[in-house]
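Take a look at these structures.
Below are two complexes that have subunit A in common, paired first with subunit B and then with subunit C.
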Partner chain A sequence: MTAYWNRLSVGSRAFLIVVPALLVVGAILTVGIALLLPPVLGFLGANLPLARFAAAATAIIVVTIPTAFVIIYMELKVIAAMNLRVGPDRVGPYGTLMSVVHGLKVLAKEDFTPRGVDVPIFTLAPVVVFASIPLTMLVIPFAPGIFGQDFNIALLYFFAISGLSVVGLMMAGWASFNKYSLLGALRAAAQAISYELPLTLSVVGIIILAGTMSLNSIVQLQAGSFLDWNIWKQPLGFVIFFIAATAEANRTPLDMTEADQELVAGFATEYSGMRFGFFFFAEYVNVFVVSALSAVLFFGGWNAPFDWPFPVTLNLDPGGMGLGLIFLIALAPVVGTIILGLPFWLLSSRVSTLRALVIGFVLFNLLIVGAFMGWAFISAAWVSGLVWMVLKTFVFVFIFVQMRGTLPRVRVDQLMSFAWKWLLPAALLNIFVTAIAVSILANR
Partner chain B sequence: MEGIWYVVGFACAGISFVFLVIGLSWLISHRTRGSRGKGLPYESGIDTYGDTHGRFGVSYYLYALLFVAFDIEVIFIFLWALVIRDPIPGVLSSMFLFVGILLLGLAYAWRKGVLTWR
Partner chain C sequence: MTTPTRPSLDDPSLTIPLEHAGIFEPIPLARTERQREFYDLRDGEMLLNMGPQHPSTHGVLRVVLKISGEQVVDLDPVLGYLHRGVEKIAENSDFHQIISHLDPLEYVASLFCEWSPVMSFEKLLDIQVPRRAEYIRVLTGELNRIASHMLFIGWYALDLGGITPILWSFAERDEIVEMLAAITGAKLLFNYFRIGGVNGDLNHDFMSRLGDWMSRAGAQLEAGMGLLNENEIFVRRARGLGILDRETALRMCATGPNLRASGVPFDIRRAHPYSVYPELEFEIPTRREGDSLARYLLRMDEVRQSLRIIDQCLHQMPDGPVMARLPRLLRPRPGRAYSAVEGPRGQYSCYAMSDGTDQPFRLRIHDPSFLHLQLVGLLMPGNLIADTMAIMASLDPVMGGVDK
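Let's turn to the complex of A and B:
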């Protein structure tokens, strides 16, 4: 038995281990789902609010993972392009799986606790930093009907919760028993509280215009074309908001908390493994959250930037075709694959029949998925809303990434005096100009 | 009231997600005790000296004090922004007065050099 095992290659050993394990796990999962699913579904069906909560919590927490991976990949690739480098191109098509591999690597690394560390607080710090993320995403409206909860104080709630992550950074720095960590955490706290004021004051203009703090209502009030967006009424507010948001998300050029030339790695110096990973996971998702908030407040959220010049309506009635529908479903893949693969087979003698069929099959699938997405985009308001919202959000994410590749880091004294001497008076000026304008218009 | 349960539930969900992933990482990563040097705080190769939780610059406290004053102002401004369209006598001037007094405080701090980082 041992001799036989030793003669196998690594791949076949892995095969012999993985396949039986998968079979066993699959059997257990099948039995478990068959036994547990009906009572769980029945329970959730009887308690619809609970089902909505479970769906919302799962969706928001699961969405953070691909978001962070996409932003990390963007950062690698965009900054590489700005430095005239190629960037990651080995793992996956165009290196797209690089950030996933980074994530798995951090997951498998040793999570070391140095001596002299206050262990409970040291462990709780990344938890506090990350837990504020789903709480802030709770109030962001992604599309009509796609939001966690619509509070009437959503904006105030957002700023209150996003301030929590500073507590986590402070816990990390204090518990690390390292002078660099402590200095990084103190700077994080000083920077966050200084930029918290311009950040919160810059959106007061929007509250005055909208008359409400509910983010859903703020988006609905910006409906129409792109001329109705708040950016045209609050340009100064947006500039202040964006600078302050850069500081709140600890992004370059305002990332004094982890200035590696001065402070090793700031608050994260003593961290390793997954507890380290969560700080940066949280930072990248934070970039997404801040970008989504700027899209919601200033750029119309889920509203399309323009109406379609001609109305598009699709009246599909699949049931009307009767038996023809069954033939269509049965024949369309075969015919489509052959038709799409035929040109490749005819035009190039290097493409074998099998390869042409594979190409045709892939093209057909892309076509069908594209057609289905287009149909959903036209006929479902929440799909088009989600598409616009994600597009706008990723424009801001791109700007954050580009800023990191463009601007040098500022000094800590410049950072602090800029917040107090320029941004705070400018934000107050913005508020009072807006207030006077609104009251003059209201009394006329 | 439903919203409060969402907040509590999302907090629990986020915290349990972090602990789940850290637990998974604890299961699959290797662990070594290492030597004495491995457990020392990393301060660029020099052994740590003196008390870490010692004294640090006074500027941090001054900024924190200023922040408390202005953050309470922010909460009042948020509420004021909601009622600015209502016909309340002196809705604009009272807030101008309030913020003006606070700005006097900011000007005093500026004059005293508190806003300059040292």
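Let's turn to the complex of A and C:
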């Protein structure tokens, strides 16, 4: 037996181990699913909100990190372009995998705990900061039907939960046993208290207009063309909201908490490894969340800015083709690959037949994916809504990134006086004017 | 009488056991009255150590700040991290060797570190420098002045939190540095001036780069610096910050742009003319405000004047040798010589004593950065932590020159 085994190649040995194991695992899984799936499905069907919450929470946590990756890459590239640099261009095509490598690096680094820190709080602080940000994403409506929860105090919930991250920053600053961290945390607390007020007051005008705090309803009330968006009714509110949101997201020019020329790295000075990574990702997810909220509140959320001027209705009925559908599915890839690859094969003698076929295959796939996406965009409301929402969100992300490349940092006392002397009175003025206008229009 | 002993770092009475440690202050033993006053903390005050590895102390400067909240009450700069004993090295090297040792004093404007010692040696040796060499010295010196000011502008913006201006100004600095590398062979420590002239004539590489750059430098500089000059946040932070009045500036021996920003039109190029500066037309920009913004804008004005000087140098450049005829071994007569030049940071001067050998008996280097660093203690108390670095950057000290 041993002699036979020793004569086998590595591949054969692996085959002989893996296949029986797969068979056993498959059998166990089949039986398990058959036994467990009906009760689980029955439970979820009986508690649909719970199922929805579980799905949304999973989706948000899965989506959070790639979003942060995209924004980090975008920041690296955009600021590089502003700085007359090339930016990352080594890892992946045009350096697109740079932020992924950043993430892996952060995971692989030593997670150092200095002497003298308050270990439980030091460990918990990044978790608190990071957890509060995806929680706020739960209430943001990304598309019709694509949102975690829609309840009537969604906006209030958003501000309440995003305020939680300050608790995490304070924990980090206090537990770090470092004066720079402490100063950064105290600045974070002062800044959060100062800017929560104008941030919350700036959206009261919208609440008055909409009559609800449900973000879904706010978006639905902005349906129509881009002239129906809230930005035209609340321009002052938007300006205040955007400035205060910059401070809330700790972005330049209002990034007092981690002013690296003054406080080294602020509250994150003593952190390394993945604990620092949590702060890092939380910052970028926060930028995304704040941008998404700007789009939802002031720029119509998932609503398209204009109706497509040529109404297209696609009434595809694949079943109507009968047997032809089978021929289409069987022949279309082959014919499409050959037709799309043929020009390359004909035009250049340097392109070999195989290479031409590969090019044709890739082009055919792109064509099919594009056609499918276009079909989905036209016929499914949630796809087009998601596209518009993500586009609008990334416009704001771009503005945040550009501000970081352009502006120096304001001083901490200027920051405070700006919030209390200008933003807060302006937000109150906005509320009064909106309320008076609404009451006059309602009584007319 | 007992002799005071230095405290040992291992002395257990000096360390605070960590289990009792809250946010604690490691109090060093006070050796002087000033230290006793500084380290005596009143209620609500704490010490904050900045540097030598802080991101924005220029070079390796350590500053201990006494802060009350965010406000700086007092501060104690700790120097010496870059000390090389260059004056002692100079006493043991011959006159040619000294030049290369003096280069790293002010590594961002090293031609000026060479210029004043070379001039004083020429006075000692009674050498007449060829006119072409003098013009080349002025030309390369003014280029180096622009490069140094570009570095200042970028760093100043960076210390106020703007990350883009430094790369924009480095684009200019890079072109100048490449130019100087074409003529001197080095990008940072040029080692180009010689006793009696310069090392090597202008070459084609240098001239083509210079002509290319000069044709667009003015517009390019103005366009690039619009990012800062028209930036509300930048101007609001810099205006009225660290005001240095005229009397204090004179009393504290400030020179260069820091003095001229306080309203004193003193420039060694005009007050005590040297080289071929009397033949050149340029203005001495002066500002009255004496704040950080004035110091920044004054350096911008100086860059414009330097461009004028370079233009004139190129037009008036005479033909001839670039090196005087010298004996191989330099043995000046016993005596003393002093010379001063106007560098990008102020007055660089050198006082050389010769005892008749081929090495100086004593060489004293005067560097403006050291005196400007003293101003930090006057300007900073009462400001916020955020402004400490802004004020220090606006005085533009280079630690290589401070520590010598």
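Heads up, the rule we're going with is that the second predicted complex is superposed on the first by the 393 of 444 C-alpha atoms of A that agree within 3 Å, B and C clash if a C-alpha of one lies under 4 Å from a C-alpha of the other, contacts with A are read in each partner's own complex, and residues count from 1 in each chain.
Definition applied: contacts are C-beta pairs under 8 Å (C-beta built on N, C-alpha and C of every residue); 3 or more make two chains touch, one makes a residue touch a chain.
As the structure is a prediction and not an experimental result, all values here were calculated from the model.
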Check: In the superposed arrangement, does A:T269 touch subunit B (first), subunit C (second), both or neither?
Finding: first
Check: What is the contact status of A:R13 with respect to subunit B (first) and subunit C (second): first, second, both, or neither?
Finding: neither
Check: Which chain makes contact with more of the residues of subunit A, subunit B or else subunit C?
Finding: B
Margin query: I'd like to know which partner A:L182 touches here: subunit B for first, subunit C for second, both or neither.
Written below: both
Note to self: Just checking: does A:V410 make contact with subunit B only, subunit C only, both, or neither of them? Give me first, second, both or neither.
What the structure shows: second
Notebook entry, point to check: After lining up the shared chain so the two structures overlap, which partner does A:R115 touch, if you call subunit B first and subunit C second: first, second, both or neither?
Noted result: both
Note to self: Which partner chains sit in contact with A:K105 here, subunit B, subunit C, both or neither? Use first/second/both/neither.
What the structure shows: neither
Notebook entry, point to check: Between subunit B (first) and subunit C (second), which, if any, makes contact with A:M82: first, second, both or neither?
Noted result: second
Check: Once the two structures are fitted together, what part of subunit A is touched by subunit B and by subunit C alike?
Finding: 115-116, 177, 179-180, 182-183, 264, 412-413
Item checked: Parts of subunit B lying in touch with subunit A, wherever the complex brings them together -> 2-3, 5-7, 9-11, 13-15, 17-19, 21-22, 24-26, 28-32, 34, 38-44, 48, 52-53, 56, 59-60, 63-64, 66-67, 70-71, 74-75, 77-78, 81-82, 84-85, 91-92, 95-96, 99, 103, 106, 110, 115-117
Notebook entry, point to check: Any idea which subunit A residues touch subunit C in the complex?
Noted result: 79, 82-85, 115-116, 177, 179-180, 182-183, 187, 252-253, 255, 259-264, 404-414
Note to self: Going by the contact rule set out above, which residues of subunit A touch subunit B in the complex?
What the structure shows: 49, 53, 56-58, 60-61, 107-112, 114-116, 123, 126-127, 130-135, 138, 148-149, 151, 155-156, 174, 176-180, 182-183, 186, 189-190, 193-194, 196-197, 200-201, 204, 207-208, 211-213, 264, 269-270, 273-275, 277-278, 412-413, 416-417, 420-421, 424-425, 428, 431-432, 435-436, 438-439, 442
Check: Residues of subunit C touching subunit A in their complex?
Finding: 18, 21, 23, 46, 48, 54-56, 70, 157-164, 167-168, 171, 227, 231, 233-234, 236-237, 384-389
